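First chain A sits with chain B, and in the next complex the same chain sits with chain C.
What follows is the complex of A and B.
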């Protein structure tokens, strides 16, 4: 007779095996490779200690990519949060056509990333792209350009891609959280004398706190690790203007074939995200306890 | 002055009237209870007084001020909700102080009011706790505290005890009564529980389907219900209703229910004479039907044989569900009754407490 505890372990064993093969093994192997000089086109791999990490410290492109990863993540997550809140508030109003709107708004999340990038790349084309057609129509001929080829605008344009894709997801998630807040809280606050802003600040925001923590946590991780938008849109260019760490890792591994060095960048990414996660959870827990 | 006057108040939802031309005055410092079944319009009426619902017609006066267009925060009212509506992320102190922050009071004054309310309600030790750390009764006190600190002209209570267990409800009822005595403010209280209504109210407003069925003090409403709805709603167990014909024989009036005939006391003859040979509804409370073995017969008491179907011992009394022919009714008998299931019992009915209602309109039959 198999005990219940053993039955439980047996039932989760397939999931553990899958996680082990596809998550833990690659993770640990990646960290191991970071301490070697593994090269895809060269035979013989040796342990080199912290040599790869020392190289990182003086690699200008690494620091540019790190900086742009952090800026991209911070700006995108903040704007997604704010616009997502505004969208959720708008969707909570009982207006004609709102249920239809709620259904189609998630289209941006459903459309494949590659299709989204192609759409936006086309819109950014000089002369024939929608953005430039509108700009020229408004009389700003001098602003007509390939937006993803502009050093100053390319990264903000990538941010726009993130916002377009993820704001509806934030909106739907926050809407669900808002709808779980009992209406009597707002009524009590109304009688107490709170105006619309006070009710938003003192009731809505605290009410969606847990959802906000989840959304911010996962989107920081997703955005920091995001590879496809930048790689498909600009490849990290023009002239490293949109380089982010995931793309730089990819280039080191599959263009320069220096797996060891690429793995060391990946290890730095892992450490940064772990620190963020620990600090964020501690701050959130303190908020819960207080 | 904190009188609340409702004049021809009406409200519809989806073209169905849920409050239909209500006229009502809650006197200054009165504890007025709106009671009725679910969907009768009592909560909607209360919410219109609070300003949380717009009225379709009619006027509301608080004091002498017409408040139809006045925002809830400016009506000088405070409300206690059924689910307490305590802000979960704020501690008890902040919950109670929240409303005072928007009224230009000094920190000292806010602190003073919160602590004083805390003492009145016995929650001064809970000020730093969050709502999730409190029991149901404590949360209800905090909700009342949040209302008290506002020092409003009128308190509005929307079924505040519904979420509490039976024992706590009894305890909180007496606390509410004491609180009313201390605060001396007008209270409008909504409940579906007629025991709460009877024990708390200075006056009861019985509502049904958007209409007021009767207004009166608890004893009036209990002893002299003006219609069959009030008679059946107030009182536990509810009043027995038996279809009968009012007949006359040998100069006396009788309630003829087919299987049995009960003599109407002569003192009540004048009230019912006009309805001889008409179909009526005979009403008698279970409290006025007892086991004959424990009654000293007096004038106006009638005897009746019935078959015991259900026995519900309550300790201080026993509820019997009995049948006589096709008529089933309840009797509240002495706890030491010898009644046995499926056996006959001799009952004594105090006909001095009888009621007759018109079969068509449900209105009480009284002297013309």
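What follows is the complex of A and C.
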């Protein structure tokens, strides 16, 4: 007979082994590589101390990518949050057809990102893409262009792709949290004469607080680490206009083969996310106590 | 009087949101399905409503019989199935252990699992490539599977733990007193009661694996393991893009995910958010 304690350990062992070998070990090894000049095609790896980090401090594309990563993450998560709330509000109304709407709206979240990128690349084509057909139909002939190839529009267009994929997920998640709020709270507030805005601010928002914290935490991490939207849509172009850190790391590693340098940028990403994670957990914990 | 008028206002606003959402979220998918049945020259006319004779099945015929797409589709299917099964075995056992047993450093383990979400995958993949290379698993199905497992395991465990936490402990306890061992309890109690959550976890793993580009692009080296996702990307970044065929290939790649989605759609929310709604 195995003891209860050991049973628990045995149950989680397979998951821990897989994650140990393919997540935690690679993480440590990745950080170690960041301090070497490892090259994919060259033999002989040497420890070079902080040389990679010194190099990236003066690497202009690193700073552009860092800036764009932060802007992209901040804008995308904020907009997703707001639009998700609006969507959840609409879906919480008991109206004919709403359950049908709820059942199809998350479709954009389940399809492969590569397919999402193709949908939008196709619609952004000059002359034959749906976006340009509509714009021309409205009489703005001179705006006809390849939207992902435009220096100013490319990054906002990437943000749009993120919104397209994730807003329904936010909406559905917030809706689930809203429905867990007891209806009696709202009735009591109504009797006390609270208006719609007050009810939203004092009942709905606190009610979905936990869900909101989880959604924002996860999506900041996922968006900042997201590689495929930018890489598949533009590869970082035109002229670095959409470069973000994950894509820059990927290019350094698998196009230039400089694994050591790529790993050092990846390590910086990890540090930034750890700082965010710790600060955010601290802040949301403090809110919990009060 | 004013109350019913306010209700009408709310309904109009809500339907407005629904209408805009349908256009924004659903129309792009309908558009690519529509265009996948048009000839290349029909698409290039830039006309929205094409005349009937411009519709064709040629794009699908070409993708399915002239190109290697079916091979890649089958690879995707094989890889995603193995990933889901392995992820389910590991995460059901793991979530059950974390949900029901006293384990030393349990909180640290849970935090550790959650914190993997902040590890940059582009950093992990550098050593992962070297590990897979030294295990001689480059360009093998298992190599891709192990790489993708780390994408799905943490979230899957976290989600299932939340789901299992919501199943009353009493049922579990009384079965233990009746003499059921740990595997019997897992098999006869947690699996049936947790089935909706398990379905969602399996669905999540399948969809993530099916849609993965990063890991396949590194570990796959040839036709043996290249997936549909990889190939539609290649088709759509060719110098001369045949949009009709790209659209057909993209639709074929989307279809399995949508079919599975239609099965779990009712449970999806419940399952995905179980970890966050507890209190």
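Note that in this section the second predicted complex is superposed on the first by the 288 of 290 C-alpha atoms of A that agree within 3 Å, B and C clash if a C-alpha of one lies under 4 Å from a C-alpha of the other, contacts with A are read in each partner's own complex, and residues count from 1 in each chain.
Keep in mind that, in the parts below, a residue touches a chain if its C-beta (ideal position, glycine included) is under 8 Å from a C-beta of that chain, and two chains touch if they have at least 3 such contacts.
Just so it is clear, the model here is predicted, and its values are computed rather than measured.
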Original post:
Mind checking chain B and chain C on superposed chain A, clash or fit?
Top reply: fit
Subject >> Contacts of A:103 with chain B and chain C, given as first, second, both or neither >> reply: second
Original post:
Counting only touches as set out at the top, which of chain B and chain C does A:64 meet: first, second, both, neither?
Top reply: neither
**OP:** Scan A:133 for contacts with chain B and chain C and give back first, second, both or neither.
**Re:** second
Original post:
So which one touches more of the residues on chain A, chain B or chain C?
Top reply: C
**OP:** Based on the superposed arrangement, let me know which partner A:180 touches: chain B (first), chain C (second), both, or neither?
**Re:** second
Subject >> Vertex chain A, arms to chain B and chain C (CA centres, degrees, nearest 10) >> reply: 80
Original post:
chain B to chain C: minimum CA distance in the overlay, Å?
Top reply: 7
Original post:
Across the two complexes, what residues of chain A are contacted by chain B and by chain C?
Top reply: none
Original post:
What part of chain C is in contact with chain A in the complex they form?
Top reply: 10-11, 13-15, 17-18, 21-22, 24-26, 28-29, 31-32, 35, 43-46, 48, 89-91, 93-94, 96-98, 100-104, 109, 112-113, 115-128, 130-131, 146-147, 149-150, 153-154, 157, 182, 207, 210-211, 213-214, 217-218, 228-230, 232-233, 236, 243, 246-247, 250, 253-254, 257-258, 260-261, 265-266, 268-270, 272-273, 275-279
Original post:
Where on chain B is chain A touching in the complex?
Top reply: 50-52, 71-73, 77-79, 81-83, 85, 87-90, 98-99, 102-103, 146, 150
Original post:
What residues on chain A touch chain B, complex-wise?
Top reply: 182, 184-185, 187-195, 198, 202-203, 206, 209
Subject >> Residues of chain A defined as touching chain C within the complex >> reply: 4-5, 7-12, 14-16, 18-19, 21-27, 29-31, 33, 86-87, 89-90, 93, 95, 97-98, 101, 103-108, 110-115, 117-123, 125, 127-128, 130, 132-133, 164, 167-169, 172-173, 175-177, 180, 210-211, 214-215, 218, 221-222, 225, 227-228, 231-232, 245-246, 249-250, 253-254, 259, 262-263, 266-267, 269-270, 273-274, 276-277
